[in-house]
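The next part holds the structures, each set out as structure tokens.
Heads up, the next two complexes both have chain A, just with different partners, chain B and then chain C.
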Partner chain A sequence: MRPAAALAGLGVALAGSALLGVLAGAVAVGPGDVVAALAGGADAPTTAIIRELRLPRVIAAALVGGALGVAGALLQGLLRNPLADPYVTGTSAGAALGSVASVAAGAPALVTPLAAFAGALASVAVIWRLARIGGRTTVLTVLLAGIVISSFAGAVVTLLIVASDRLALRLRAVLDILVGGVTSRSAAELAVAIAIVAGATVWALALARRLDAYAFGEETAATLGVDTDRTTASVLVVTALLTGAAVALSGLVSFVGLVIPHALRPVVGARHAVLVPACLLGGATALVLADLGARIALAPAELPVGVITGLVGAPFFLLVLARASRGVR
Partner chain B sequence: MRALFVAFAVLLSAACGPAPASIPAATPSASPSPAVVTDFQGRTVQLPRSVSRIVSIGASNTEFLFALGAGDRVVGVDDFSDEPPAALQKEKVGGVKVNLEKVTSLRPDLVVTIKFSDGTVERLAAGGAVVLVVDPQGLGDVARSATLIGQAVGADGKKLADDITKRLQAVRERSSAIAAKPRVFHEVDATDPAKPFTVGPGSFVHDLIELAGGVNVAARAGSPYPQLSAEELVRADPEVIVLADADYGVTPEQVASRPGWSGMAAVRSGRIHPISANLASRPGPRVGEAAEAYAKLLHPTVFR
Partner chain C sequence: MTLVAHAVTAGYGPRDVLHGVDLAIGPGLCAVIGPNGAGKSTLIRALAGLLVPRSGRVELDGVDLRAMSRGAIAQRVAVVPQVFDTLFPFTVREVVMLGRTARLRALAGPRDADRLAVERALGLLELGDLAGRRIDALSGGERQRAVLAMALAQETDVLLLDEPTVHLDPAHQRATLALVRDLARRSGIAAAAVLHDLNLASAMAGRIVVLDGGRVAADGPPAAVLTQRTVERIFGPGLRVLDDRVPPAVLPRS
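Let's look at the complex of A and B:
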């Protein structure tokens, strides 16, 4: 498929899923009223439900999914590893640790994305160092390092929960971070996330050509004239920015970063200049739909969206692992 | 997980309030003959002839014991028992998890405890002490709790029960004369303001709201501590919001600034009131006081 056509199709899919996301919710609102509320012509409660509760939630889901999709594409490209994604590599766990720590310290809400970014950057740097030992990255090293980092971050989070009185009073917030859920965010929080995701995606696009050269190994990339140290560092920072923004909004949402690049690479090809925007749109669509599923599966109760992505993503992960183990890339 | 959390939240909120005055203690009566009673878990319990060392697990149970004049015989309480202040001086036997070794070391001849789903009650009983499960949930359970605990410690629980019932009845009579019943949202926890925890049928606060002359917006919820979506809440449009989480730092200003909440009648008219979590989270001997406090919030011109 031609990249332009694929991207246009993904854009339409995102718009459609966002529309579904705004139409469905805890309270039944007719399609006409939804349109009226969006246009500002509905009664006050309906307007509040659609514009202040449902729309921000759909936007948050789209941001989280898009950020994780792009982060997954970058990590898979950088590590030349089909199983890399922010969740599996422990990058999300590092970001969650940062978020929990900032909540524990009583930092204002807008500091959380920064703390999440710091945690994500630390973990992804460790992964990258480990992956380079011996000059080649193996699937196993990355996965094991991810498990270790996730366990470590989990242990510190538990320690914080038990040790900090302040945190104990905010148990729900911590639970939300660990379990992964999208919620209605304030306009300010969304604005910060939009700025981070947009900036990081533009940066990722600027790195796309250089990242393409990594497909044959870092040395080859270097011989092709790529400044690999700077490029690698940039990719790590962009990945951490995206993961941090996603985790600060929704906690630990698993496997989106793994599944989306995999699903889209056969369609749009491996060139990052196309893969990155495709993953942004595809990840956003996937998480908006997953969140919709989370809201209606057990209505009126809501599932955390992480449950849906885990249910879909884990079998997919095993499938990719089986193929990777057989040497089929 | 969610049910566990609610238990947590309720226990936590129970643990963190200021300390209002308590009901005067009833006079203990002469030691009655040993009796066999059925407790809140349906267990048949042979009460001891005399009780001199009591361990109390559950903030409401501790309040009952002190209100019945058995406070000086209490040798240990759980971490959430903060009322009356004298309870804070007692040995602690744990919170969400009861420390069985600690309980045993206090050599109680009676353990009054709330329900546990993890086998704590059975393990306590295996330890040799007489274990009486008293776990009031609704307002209707309060009189039975007072009577049962009174029987167990040889105090006049019936009189305490009657006093509480009379006090509740007085509020009910005054509020039932009021025609306008405001729609009430009682906030237990809104860490995620899109899905706040509230009270539903089966919880004593739900009973309190009705008794005080209000209509609970979560009256059709299927559980005592349900989560309500903010969408449903906006549609229900509460006229009064009562913050049982004010002790955690939630303020009316914060509530008004939450996404989507600004259009609610209670927010527009400024009828957002904090209530002491310590008073409004446990169905103990102070429920009469809680009912009066609630009625003042709902009908400030009638209840002064």
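Let's look at the complex of A and C:
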């Protein structure tokens, strides 16, 4: 498929799923109500539902999905590993640890994305170091390192929860982080996340060609003229920015970063200049739909969206793992 | 144009693999042979600036590689890697375009010169029909040719090849090396290829460098290097050299 056509198709899919996300819910609204609410002509309750509940939630879901999709594409390209993503490598767990620590410390809400970024950066840097031991990045090392980092971060999170009595008040916030739920976010929080995801995606596009050169390994990228130290560091920082933004908004959402690049590569090709925007749009669409599913599956109760992505993503992961282990190198 | 190693000692961790290697690579095809562990791949990595010598230096036209950026080196020296498998569905043409990485700007598309270089490299390796195919769906030999085309698309005046023929059948081994040799002759490219097949080295290279224990053990035209004495000293008694032939041939003793 032509890249432009594929990207246009993904854009339409995102617009459609976003509309669906705004329309569907406990209170029925029609497309006309949405237009009226956005233009300021609807009655007060409808306006509140659309502007303050559903729209921010759809935007948050789209940002989280898009950020994780792009982060997954970058990690897979860098590690030459179709099984890498922010969740599996423990990058998300590091970000969650950062978020929980900032909540526990009573930091203002806008600090949380920064703390999440710092946690994500620390864990993705550890993964990179471990993955390079012996000069070869194996599928298995990355997965094992991810398990170790996730367990460690999980232990520290538990420690923080138990040790801090201030946290009694914040248990709800911590739970949000751990179970992976998109709740309605304030305009300020969304604005920060939009800025981070947009900036990081542009940076990722600027790195795209250099990342392509990693197809045959880091050393070959160097012989092709890539300053690999700088490029690798940049990719790790961009990945951490995206993961941090996603985790600060929604907590631990599994497998989106793994499934989306994997599913899109056969359609749009492997070049990151196309894959990155495709994963932004595809990840956003997937998470808006998953969140919609989370809201209506057991309505009026709401599932955390992480439950949906886990249920769908885990079998997919096993499938890819089975295929990859046949060719384990 | 010359790429020169001056007393290069290099290795990994505490272990030295190369011990004071002096070697100048000039126009033409030079084969690097030697037993396993002799330091052939390490020599290629040092010559490409990928491995910084512990002592000594590698110079390209008198400039120390350490003073050059990766981008600047990549416009002068291309390396055909041993690894040419990827799990990602790049097309053959996209792989060959990777050879232009050092000449492309981050967010700009390829220019005419880049497209021309890619098509020329595809043509040289007879990959025209495969250009749109996914590289992960090709045979080992086809992938190896695609990676060689990628290096040729770099349009460098030095070409370093680390066992470029391992996955090729005998006819393609010969064809690939003949291509490199002719390119080297025609365009004055300096090519150095690590080879295991002594007969291939003998037939295709104008010069053979023998590495043994991280040192240059012999260096010269095939007839001067592939003698019974030298081959026995380096590879042991299992090989018989037919040195009355031009170029000499090597057979395993039965």
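To be clear about the criterion, the second predicted complex is superposed on the first by the 326 of 329 C-alpha atoms of A that agree within 3 Å, B and C clash if a C-alpha of one lies under 4 Å from a C-alpha of the other, contacts with A are read in each partner's own complex, and residues count from 1 in each chain.
To be clear about the criterion, a residue touches a chain if its C-beta (ideal position, glycine included) is under 8 Å from a C-beta of that chain, and two chains touch if they have at least 3 such contacts.
Remember, predicted model here, so these are calculated numbers, not experimental data.
In the overlay built on the shared chain, the residue A:T158 is in contact with neither chain B nor chain C. Contacts of A:A48 after superposition on the shared chain: chain B is touched, whereas chain C is not. Of the two partner chains, chain B is the only one touched by A:A26; chain C is not. In the superposition on chain A, no chain A position is in contact with chain B in one complex as well as with chain C in the other.
Contact residues of chain B toward chain A in the complex are 1, 5, 8-9, 12, 16, 189, 191-195, 227, 229-232, 234-235, 237, 248, 259-263.
Contact residues of chain A toward chain B in the complex are 25-27, 44-45, 47-49, 52-54, 56-57, 168-173, 175-176, 181, 183-187, 300-302.
Listing the residues of chain C that touch chain A in their complex gives 45, 48, 50, 69-71, 73-75, 77-79, 81, 83-91, 94-95, 98-99, 101-104, 106-107, 147, 150, 154. On the side of chain A, the complex with chain C involves touching residues 77, 80-82, 205-210, 212-213, 215-217, 219-228, 265-266, 269-271, 324, 327, 329.
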